[in-house]
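Take a look at these structures.
Look for chain A in each of the two complexes below; its partner is chain B in the first and chain C in the second.
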Partner chain A sequence: MAQSQSIQQLKIFFAKVKKPVDKYFWAYAFIFPSMLIIIAFKLIPLIVGLGISFTDWNLLSSPEFIGLQNYARLFIDPTAPIVFKNTFYYSLLSVPLNLVISLLLAVALNQKIKGLSFFRTAYYIPVVTASVAVSAIWVWLLSDFGMINQFLNAIGLNSVNFLQDTRYALTSITLVDVWKNLGFNVVIFLAALQDVPEDLRDAANVDGANARGVFRHVTLPLISPSIFFTAVMGVIGSLQAFDLVFNMSMKHEGGPARATSTIGFYIWQNAFKYSRMGYAAALSFALMGLLLVLTIIQWRMRRKWVYGEE
Partner chain B sequence: MKNRKLLVVLSMLLALGLLLAACAPAATTEAPVATTEAPAAATTIAPTAVAAEPVTIKVISFLTYDENKEGAEAAVVAAFQAAHPEIKVDFQLLPYADYFTSLKTWIAGGTAPDVASLDLSMLQEMAAAGSIVDLNPMIQSTKYDLSTYYQSTLDMFANNGGQYGLPASYSNVVMYYNKSLFDAAGLPYPDDKMDWKTFVDTAKKLTKDTNGDGTIEQFGTARLWWPYYMLFVGATPFNADATQCTLTDQKAIDGFQAMVDLTLTNKVAPSANDLAAQDDWHMFEGGRIAMYPIGPWSISEFNDVIKDFDWDATTLPSGPTGEKVTFLFGNAYSVLSSSKQQDAAFTFMKFVTGAEGDQIRQDAGFEIAPIKTVAEGSFLKAMVGKKPANAKVFLDSAAFAKSVPTHARWSEIADIISGQLDSALLGNITVPVAMQNACDAINPILAETK
Partner chain C sequence: MTERTLPNPPASRKKSPLSKVPSYVFLTAGALIMIVPFLWMLSTSLKDQAQLFAWPPNWLPNPIAWGNYSEVFTKINFGLYGFNTLKITAAVTLGRLLFCSMAGYAFARMKFPGKDFLFVLTLATMMISSQITLIPNFIIMRSLGLVNTHLGVILPQLADGFSIFLMRQFFLTFPYELEDAAKLDGCNPFMFFMKILIPNSKPILATLAVMTFQGVWNDFLWPLVMLTSPAKRTLAVALSYLVGQYTTRWEIQMAGSVLTVLPVIILYFLLQKYFVQSIKMTGLKG
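Then we have the complex of A and B:
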């Protein structure tokens, strides 16, 4: 009884408060907690980071204002072009490959086949597995005496130094990334595929379209918003690549000879290994600018191919 | 329905309240302070039974850290605590990985410790930034006798006339050899007169494809950390005042060429690829390396693990130009500039790096004590009945030990050089090209730090 009474009182209290703000009150009330976290852990560090990018700061002495020197350094640092090139390679290889394979998998997993839930789970397990564990296993598999080289030897091929050869190291890590993140896109595509109305396909069939025609002209356009979403997220995620490089590169040094150093990895090295906080912050803002430009381009381009956006 | 909505909002507000409380630890710690004030005021009237308020110093260390057991350093601190009840030590033993990052973050956040253990490159970076104090004024004012330490270990932590740390442990690299492999090959054991040519020839004879499958199972030797191959020909990465990269000098190129040749040309040392499958440490344990350069940190594990063959130690061979050099590694304790308890901190330093602290560390078998009496007494005594039988070699090597070059930006410079050497070791580029690339990247860094 006492409880309902206090609830009654609260109701009266909120009824009073409710007047001026009315329907927006609840919206703000629900946004507020997450906004607080975003402000404390994203927006404030972002602004502070921008400030740091104009300073020379080694964490030990107090920061010294040096204007745009850190940004100028981007153009004279011989390592900067290497890490940007590596990151673009990582992105250009992983995003399309991931999209194509996960779309094919999603289509396959959308059929009524035996062991469906097993396969769906199996493809999603790498996504939720810690990347440290994934890296450790793949470092083993790809090592000189690992299963993959044993297989290559068994079919009469020579061993490949997957992670120690400058020619293959980055590709190897990128492919592990594709393998690890495949399941995420599969789930998105599966959801999209199940939203494609059956009657549209039936109608296309009645009009004489074969399976390929149905996929090309009915299914694909209808799931194109999902493809757009996964492409944007994929580009952002791949340009920020860090964990697999850190865990899989030789001696955790982004090597051999910088072959696997990505922008994200180089930012970490500058911040915490070389004590160049200012330059690390400048690199981060350069990366943010790059992501912004690429995302805007993708956003503009969507009118050309995403269903319902033209 | 309405009630449920209200409940949701209330629970949300409660969660938010908890979050805010968690975000404000300062507020929660302030409360007890306020409550203790009253009793404190009361005791001032009563006659003082307790001595002066003990000062608290915060100390962090990675020395003797072991993830499986409590390190000996905790015992060192406990001994200090027993001897000096007037100084309370808030001690934290941390793993070496991420140690420096944490320390720097604490300094930046204004929660730095008073005393920290540092390795050579950390110490140089901290000294250059003015984050640790020159101990000379305190050494002089307390008339602290430094002659008990090995001079080379003190020199390591000195810079421009300042003494920025007191050594707590040191180690140098010697050469272990697998007697059984030498016996099987009918070769004489290596001794301290071995020159580079004999070393390479012996290593070639001991490198074998034992099962005839085309890959090498037994290596003559293993490569040391790359700076050694610069030191052992007397080369340096930059000139004396650190304004110009000198790796393109013929001396440095010859030194690194000798290192690359071990793996690429002579194939007597495992390549990066071989090491990815099994590192040289475990290769030696498994009897796959005949002559293995390593430091005293290996003693306890090798004595436990190696049962199948007999082994001993000698000094490293002299380099291609006849110079005899070994690596000197060391760890020190330093006082942070931000410390408000520098006198108490220095009292702590004297104890933990002095004979008493060193004795505990030495008894636990951690590296070698920089205090001469402890090293010469306990280290050798503790080695009786253990391998290597020729344990004296660790102390003898101190005579020609050199430490890694230092620079405020050493970790960055070291990454540049090791990255280029990786390429050279893979045969992708030649040593002169690698050194040219390295200098192109290092010179701007040197110019900037001037």
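Then we have the complex of A and C:
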């Protein structure tokens, strides 16, 4: 008797539950594949990665829990400050340079130029080109007897060992990064400039502003959200620099003498060259912390920089 | 405000035809710096060793060394790498288009418990970079037995926050009348999605497709660590090994580079509109 009563209750319970399930079936079915991928390969890895960062693990033996030692190691590893310094240099050189050049190009393009699509294509082709191929092309151009050194010799200058000299290697790779990614910003800025209303500029002209004044006080504030966006994207991208460093440094060693090793490169090297999974994971969390802090600072500054955000 | 004190004479506002000359010079110089390395790559790939270091540079190879390309195909197996790359790229592109437009549709137009939470979660994952997930995902793939498989390379890329966001923004603008009419005709959400929504979303799908195709085709770090046996490599990974192996054979390196970049460049010329659109869409994030 008691049993059939509880079965009855169960039936009522399921009838209640079933209805919302039917109602929301399609919604959950539609988000299911994406949510599965995102949870399995974006969110769970955060936890797994954090776990690995507390271990000493070379993949061959089983992981050994060592607490915070990998994070402590960041402060005693003599290579760590070098890779952080190289990464900051990469960022501080590539982001502003890219912004200034691409803004100038976009402004020049935004004046009823003939051949607009030719120019845009020329600037954009390196963006869609594989970074490995970009590296190969520039290693060849910058090599001892490559075109650039032959040109320097032809005008009476000495050869420069662009990629093997500790003084020039990182700068050379960073400039190739600017060359590769310039076109992305050009297209973004051009789109923003085309949205600046012509009559606003005309009004400023009538008020007696010269071209520079119009640019400084009308155009620049109106495209400041795009400038902010490209700056944030540039910082995030450059702090993770890997492909060019890996492929342009000799034998993928991040050299000469660590001169071109970035954080991203050092993470790969620790994980897949030295089999130090725990330390590599700790490094990647240090990088994530850095990215978070910088992004928050940038968003704070957004209010000051970007027009209409106060 | 100092500009105000210096009113321009009205005549100067009318630009003379010569005023754009500096712009053209600047733009052309920039374009040359962008294009010349590509022409040099193409030219080098068709030279034999004897022609490589000629000064002044010889842009038109004579004789044309087609053999470089056959060497890349026969000795270095670029045909196989091209096939591998195409397979991975096509799978990720198709999968991402389907999954992300489905999720975008649900987030844009359906009501369900947990929707806001899941959507914010999805957006938040855009902040998690590939450098952070690299090691744990490799470990996850290792425990699933998927290291050195193409499936392992494909799986984590099948959905991403930005694509879902992009599709959601587009579907938000889709007229509700069509959906109501479809419902009256007995369409379930899946039929509406496949028969009406997807066929009417071709431009946004094409934009997402070229964006994904280009990104996956050129992707380097993930396939580099995942694909441990040579036969599984993608073009980008294979090219990196080629460069390391044939250090002084610049003509072979450049032939390999041409083969790696050409498919995407051809695609760019065919679908330029969507490429340009895709960059502007990326700007939506800001």
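Following the convention adopted for this analysis, the second predicted complex is superposed on the first by the 274 of 310 C-alpha atoms of A that agree within 3 Å, B and C clash if a C-alpha of one lies under 4 Å from a C-alpha of the other, contacts with A are read in each partner's own complex, and residues count from 1 in each chain.
In the analysis below, a contact is a pair of C-beta atoms (placed from the backbone, for glycine too) under 8 Å apart; a residue touches a chain by one contact, two chains touch by 3 or more.
Just so it is clear, the structure is predicted and the values come from calculations on it, not from any experiment.
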Partner chain(s) touched by A:K11 [first = chain B, second = chain C, both, neither]: first
Partner chain(s) touched by A:L291 [first = chain B, second = chain C, both, neither]: second
Touching partner for A:G156 - first (chain B), second (chain C), both, neither: neither
Chain B versus chain C as contact partner of A:A136, first or second or both or neither: second
Contacts of A:G67 with chain B and chain C, given as first, second, both or neither: neither
First (chain B), second (chain C), both or neither touched by A:F41: second
Dominant toucher of chain A (residue count), chain B or chain C: C
Set of chain A residues, in rising order, touched by both chain B and chain C: 29-30, 33, 40, 59, 139, 143, 145, 272
Partner chain A, residues of chain B touching it in the complex: 2-3, 6, 9-10, 12, 15-16, 19, 23, 101, 104-105, 107-108, 125-126, 129-131, 272-274, 276-277, 409, 411-412, 415, 418-420, 422-423, 426, 428, 440-441, 444
Residue ranges of chain A touching chain C (in the complex, touch as defined): 20, 24, 26-31, 33-35, 37-38, 40-46, 48-49, 52, 59, 101, 104-105, 108-109, 111, 113, 117-126, 128-133, 135-141, 143, 145, 147, 150, 154, 179, 182-184, 187-188, 191-192, 205, 207-210, 212-213, 216-217, 225-226, 228-229, 232-233, 236, 240, 242-243, 246-247, 251-252, 264, 267-268, 271-272, 277, 280-281, 284-285, 287-288, 291-292, 295
Complex contacts: residues of chain C adjacent to chain A: 3-4, 6-8, 13, 20, 23-24, 26-27, 30-31, 33-35, 37-38, 40-41, 44, 53, 55-57, 98-100, 102-103, 105-107, 110-113, 115, 118, 121-122, 125, 127-140, 142, 155-156, 158-161, 164, 188-190, 193, 214, 217-218, 220-221, 225, 235-237, 239-240, 243-244, 250, 253-254, 256-257, 260-261, 264-265, 268-269, 272, 275-276, 279-280, 282-283, 285-286
Chain B partner contacts - residues on chain A that touch it in the complex: 7, 10-11, 14, 29-30, 32-33, 36, 40, 58-61, 76, 78-79, 139, 143-145, 161, 163-166, 250, 253, 255-258, 269, 272-276
